[in-house]
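What follows is a set of notes on a single structure, which appears directly below.
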Amino acid sequence: MSTQPEFPMESPLLSDQTRGVRSKPRPVASWREHHGWSAGSSLRRLMSRPVGTLLTVAVMAIALALPLTFYLLLGNLQKMGDALGQNQTISVFLQPGQGGSAADLMARKLRDHSDVASVTVKTPAQGMDELAKMQGFSGALHTLDNNPLPFVLEVLPTPGASADSVDRLVADMRDMQGVDQVQDSGTWRQRLEALLGVGKRAVLVLAVLLAVAVLLVVGNTVRVDIASRSEEIGVLMLVGASRAFVRRPYLYAGIWYGLFAGVLAAGFAVAVELALADPVARLGKVYAGKLQVDVLPPWLLAAVPVAAAVLGWLGARLVSAWQLRKAA
Amino acid sequence: MSTQPEFPMESPLLSDQTRGVRSKPRPVASWREHHGWSAGSSLRRLMSRPVGTLLTVAVMAIALALPLTFYLLLGNLQKMGDALGQNQTISVFLQPGQGGSAADLMARKLRDHSDVASVTVKTPAQGMDELAKMQGFSGALHTLDNNPLPFVLEVLPTPGASADSVDRLVADMRDMQGVDQVQDSGTWRQRLEALLGVGKRAVLVLAVLLAVAVLLVVGNTVRVDIASRSEEIGVLMLVGASRAFVRRPYLYAGIWYGLFAGVLAAGFAVAVELALADPVARLGKVYAGKLQVDVLPPWLLAAVPVAAAVLGWLGARLVSAWQLRKAA
Amino acid sequence: MCSPLRPEPAAANSHKAPDLLASIPYPCGIRDWGCAVIRFDQVSKRYEGGHEALSQLSFEVAAGEMAFVTGHSGAGKSTLLKLLGLIERQSHGVITLDGQNLSKVGRAGIPKLRRRLGMVFQDHRLLMDRTVAANVELPLMIGGMAPAERNKRVRAALEKVGLLAYERQLPATLSAGEQQRVGIARAIVAKPMLLIADEPTGNLDPSLAVEIMDLFAEFQQVGTTVLIASHDLPLIKKMKKRVIVLDHGRLVADVAAQEVL
Amino acid sequence: MCSPLRPEPAAANSHKAPDLLASIPYPCGIRDWGCAVIRFDQVSKRYEGGHEALSQLSFEVAAGEMAFVTGHSGAGKSTLLKLLGLIERQSHGVITLDGQNLSKVGRAGIPKLRRRLGMVFQDHRLLMDRTVAANVELPLMIGGMAPAERNKRVRAALEKVGLLAYERQLPATLSAGEQQRVGIARAIVAKPMLLIADEPTGNLDPSLAVEIMDLFAEFQQVGTTVLIASHDLPLIKKMKKRVIVLDHGRLVADVAAQEVL
């Protein structure tokens, strides 16, 4: 017993004289290492129970796909609305006394208005022709020798103009000198606006519900994940792991869930796009090719997985903070 | 040792001479008892972790509320479409030679048509008045001494008539003797039909997604529930529990989840109804009170929790059957 | 009915059912005294990893007999008991339990068979979210016993292991030895025809261990067959019961009760 | 530095640090030989249920000392060790560990403290979804050791408990005794300054138990303080180390190593 006893580990370890594990502090390297390990092991863990992972990812993907789908639908509705709105001309009837030069002057003035896209001058003769055609008794009115119709300006508002600005335009024109009457086929626009109003309100309600749903699904999944591994967490903390260390694999799991769900959701959205292509194309025919399907921009499709991963991380972070507080 | 040794349980148990637990077979009573116990204990278990239960129920409720909301939206859209459709009259221009009696005869004939709601006869004088008012040059046409306008029948199709049947009606009227021309302001209806076509297609796509989502959420929740209790299940099976016995509390948990989620979803749907009431009312004003909000019928609101409970039970049944197959 | 293949217990193996038992009418009535309840015939168990935990094991345990299984750590004691509870299946050979070939027991038959056994597990296997009483009550509940009788039996069993005072507590609030005794109470509460205990005294102090062993012996007195895996040699010697010794999965000694020193 | 309150070990208690140890330079260098590493001062622990598991416990364990804690099932052995690992907190009294008042250790300090301890748990506490080697590696990974050195140490520790062959297996495929030894390997792999073992030989056969105890003694030889809870009296007697005896939470005897018969 005169010789100093060896430390009861094999010889290669005897060279290190300090006790414990922190023989050579290497915080950055070990931090990087554990991040890599956490990412890898959490991924392997998800892969090791493919059915469960797929179920969870699918639920999250659907929650993510729905807002995308609504975005798509609303975009297309808006386009349709615009397309419908584009056909709406406002007829400005000049007073019977006003001649062609007055009409041209007025037309030029109106063309400068920011909400006006184009102005067409209709002579009394053109008006009579049109009236005859429109009312279905061709030729009958041509027998009239004295054309009683006034000059009419057909004003087309700019395509994007809102109902309000068009209303203001109509009021402006009513106040112009030499104008007898302004006829705005406004019910059309009014009806459409009302319809879109309902649609927008509904989409808003649904979007709120869905945002809540995404958060709930991510949070719930991670919560359950952590709850089912409470034993593992307990063991890790018993052998000296810090909270950050314990949490790391769960945060990565959240990121993975989000990433996969995001990719799947983007895929769903593209599928919906394709499903919508056919009816929208048929609708397009009504407008003789004026309507193009509104598709999701590629940047958005790419952003979805990233945003979902961030959301997954966030959900995992929140829930894990709350649950680890209960652990010893 | 000449006396027979007592069974090593206390005296009240010695009276029963048989071994094991099935001393007096009472299958029905014990079955009922275990059902009651399962229902109660699974409910207590859910209540003991309120946050987790609430999260799960909320996710399920949202998945259930969405189809309800779509049902509501589609119903209201359809109503709006009908309302818009109701304003669509078809103008039948008779040949110039046809007099008032011929017009009345034709009107009477048309009123018998199943797709026709009402027919109004417009005399040439009325036509001229209207034309004058409509075109904005009041009085000007009255100076004409020879009225060139024909008799016109204003035909209003029955409110619920489809675009197809109205098309057929128009074709029928075109073929009638003495009819010069039939003018159907059909683009209106065509546009609306196209719009509703897109909407219906979209709702179908979403409804499928949501049905999948409901099943996934229920299944996933129960799966995770069972996975996190795999140890408990193992213990129960080790002491002789049958699969049906082990499964029972999970089935009840599924029922409870479904029931709560269903009640919450019905609440959500009512909230959406209220949120929609305002814009629909505004839309209603456009039609001068013709439009009423389409609300969810009470039987549907009552059916949702029941259906959800059944769905929860089904999800639990499927997943538990699959998961217990893996247990020893 | 004895299995026809069975040699006379006293002849083939070096043990005999104690005379005392012969005088007691066995309540079950389906087996003869001294007849083999457990019969291993060239049983081997190779785990998936390739490790042969048991190899060519042959022995019999008579009805109403109490026997110890001992051996070093990893010798195969737990594996042997797990085969009897159908927790694992043997790779080769035939195991007969109460005249029933265990290889023939299908999935539906397992719960029925387990309800006739009382098992004490090396890792306790308690339900951590139910009280001690609820844990002990489990086999009775599964068996469909009436609540009043259940309650009586549970209290009797808990009293036997000295834990009646802990009735309403959760297992997590008990010491390891107390948890182990809850497991023992659960195993005996249904008065099984066969008691299988895996290291039932591993967490108990010597005097308590003797008490528990005496409890098992009491059960043997009324005809229950008892098989206990243990590495506690002093305790085993003290009990003076048959000892089956395993070494790396092989039966290396089978010492009859009378021959235990 | 000794805590100033500390009485001379040989004076206050009936034990003395073995002479042998005095000649060995302690590698850590932050404490004097024979100085109290563990100091319990009137410590009581009352669990939420109202049960008083420990009452007014006072004793010291010197640096480099090896001591057993024994007592009946439910005496409070595990509770005592849990207080040292900050798994439970005492209700009254002061516990000092290596000069640090444990009541003053906050949530952030717990992991740091635990990294300096090696704990063997009565219920093993292994991660069932990681291999044996990964389980043993845990403390090193948490400590941030480089992979190559980690691997060396893990193999050395597994070799010490005779489980190097099981390196790649999952704990579920090991026998209870093998699992227990994995837990021991995990406790020693980081060369802790204090080893706390709760019933480390409860699932081991007598000869293996002696081997494991000898391993703990080897650690003591290089200056590690070792505290072992055990109910295995023959084994404790054989080891000839200090024995602290609990009875219903009270210290009823504290036998110095030399006085163990």
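All chains are identified by letter, namely A, B, C and D, in their written order; residue positions are counted from 1 within each chain.
In this text, a residue touches a chain if its C-beta (ideal position, glycine included) is under 8 Å from a C-beta of that chain, and two chains touch if they have at least 3 such contacts.
Values in this document were obtained by computation on a predicted structure and should not be read as measured data.
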From chain D, the most remote chain by mean C-alpha position: B
Cα-centroid distance, chain B relative to chain C, in whole angstrom: 60
Distance between chain centroids, defined by C-alpha means - chain A, chain C (Å): 65
Distance from the mean Cα position of chain B to that of chain A, given in whole angstrom: 25
Multi-chain contact sites of chain C, meaning residues that touch two or more partners: none
Numbers and ranges of chain B residues touching at least 2 other chains: none
Overall pattern in which the protein chains touch one another (line/ring/star/complete/other): ring
Chain-to-chain touches, reported pairwise for every pair that qualifies: A-B, A-D, B-C, C-D
Complex contact set, residues of chain A against chain D: 1, 4-10, 12-13, 17-27, 29-31, 33-34, 37, 45, 232, 234-243, 245, 328
Residue ranges of chain D in contact with chain C within the complex: 47-49, 51, 70-74, 77-78, 122-123, 169, 173-178, 181, 199, 202-208, 231, 233-234
Residues of chain D defined as touching chain A within the complex: 20, 24-25, 27-28, 85, 87, 108, 110-117, 119, 121, 125-127, 129, 138-147, 149, 152-153, 155-157, 159-160, 186, 188, 190-193, 215, 218-219, 221-222
Residue numbers on chain B that touch chain A, as the complex places them: 51-52, 55-56, 58-59, 62-63, 65-66, 69, 73, 76-77, 80, 84, 91, 93, 96, 131, 135-137, 140-141, 143-144, 148-150, 180-181, 183, 187, 190-191, 194-195, 197-198, 201-202, 205-206, 209-210, 212-213, 216-217, 219-220, 223-224, 227-228, 268, 272, 275-276, 278-280, 282-283, 286
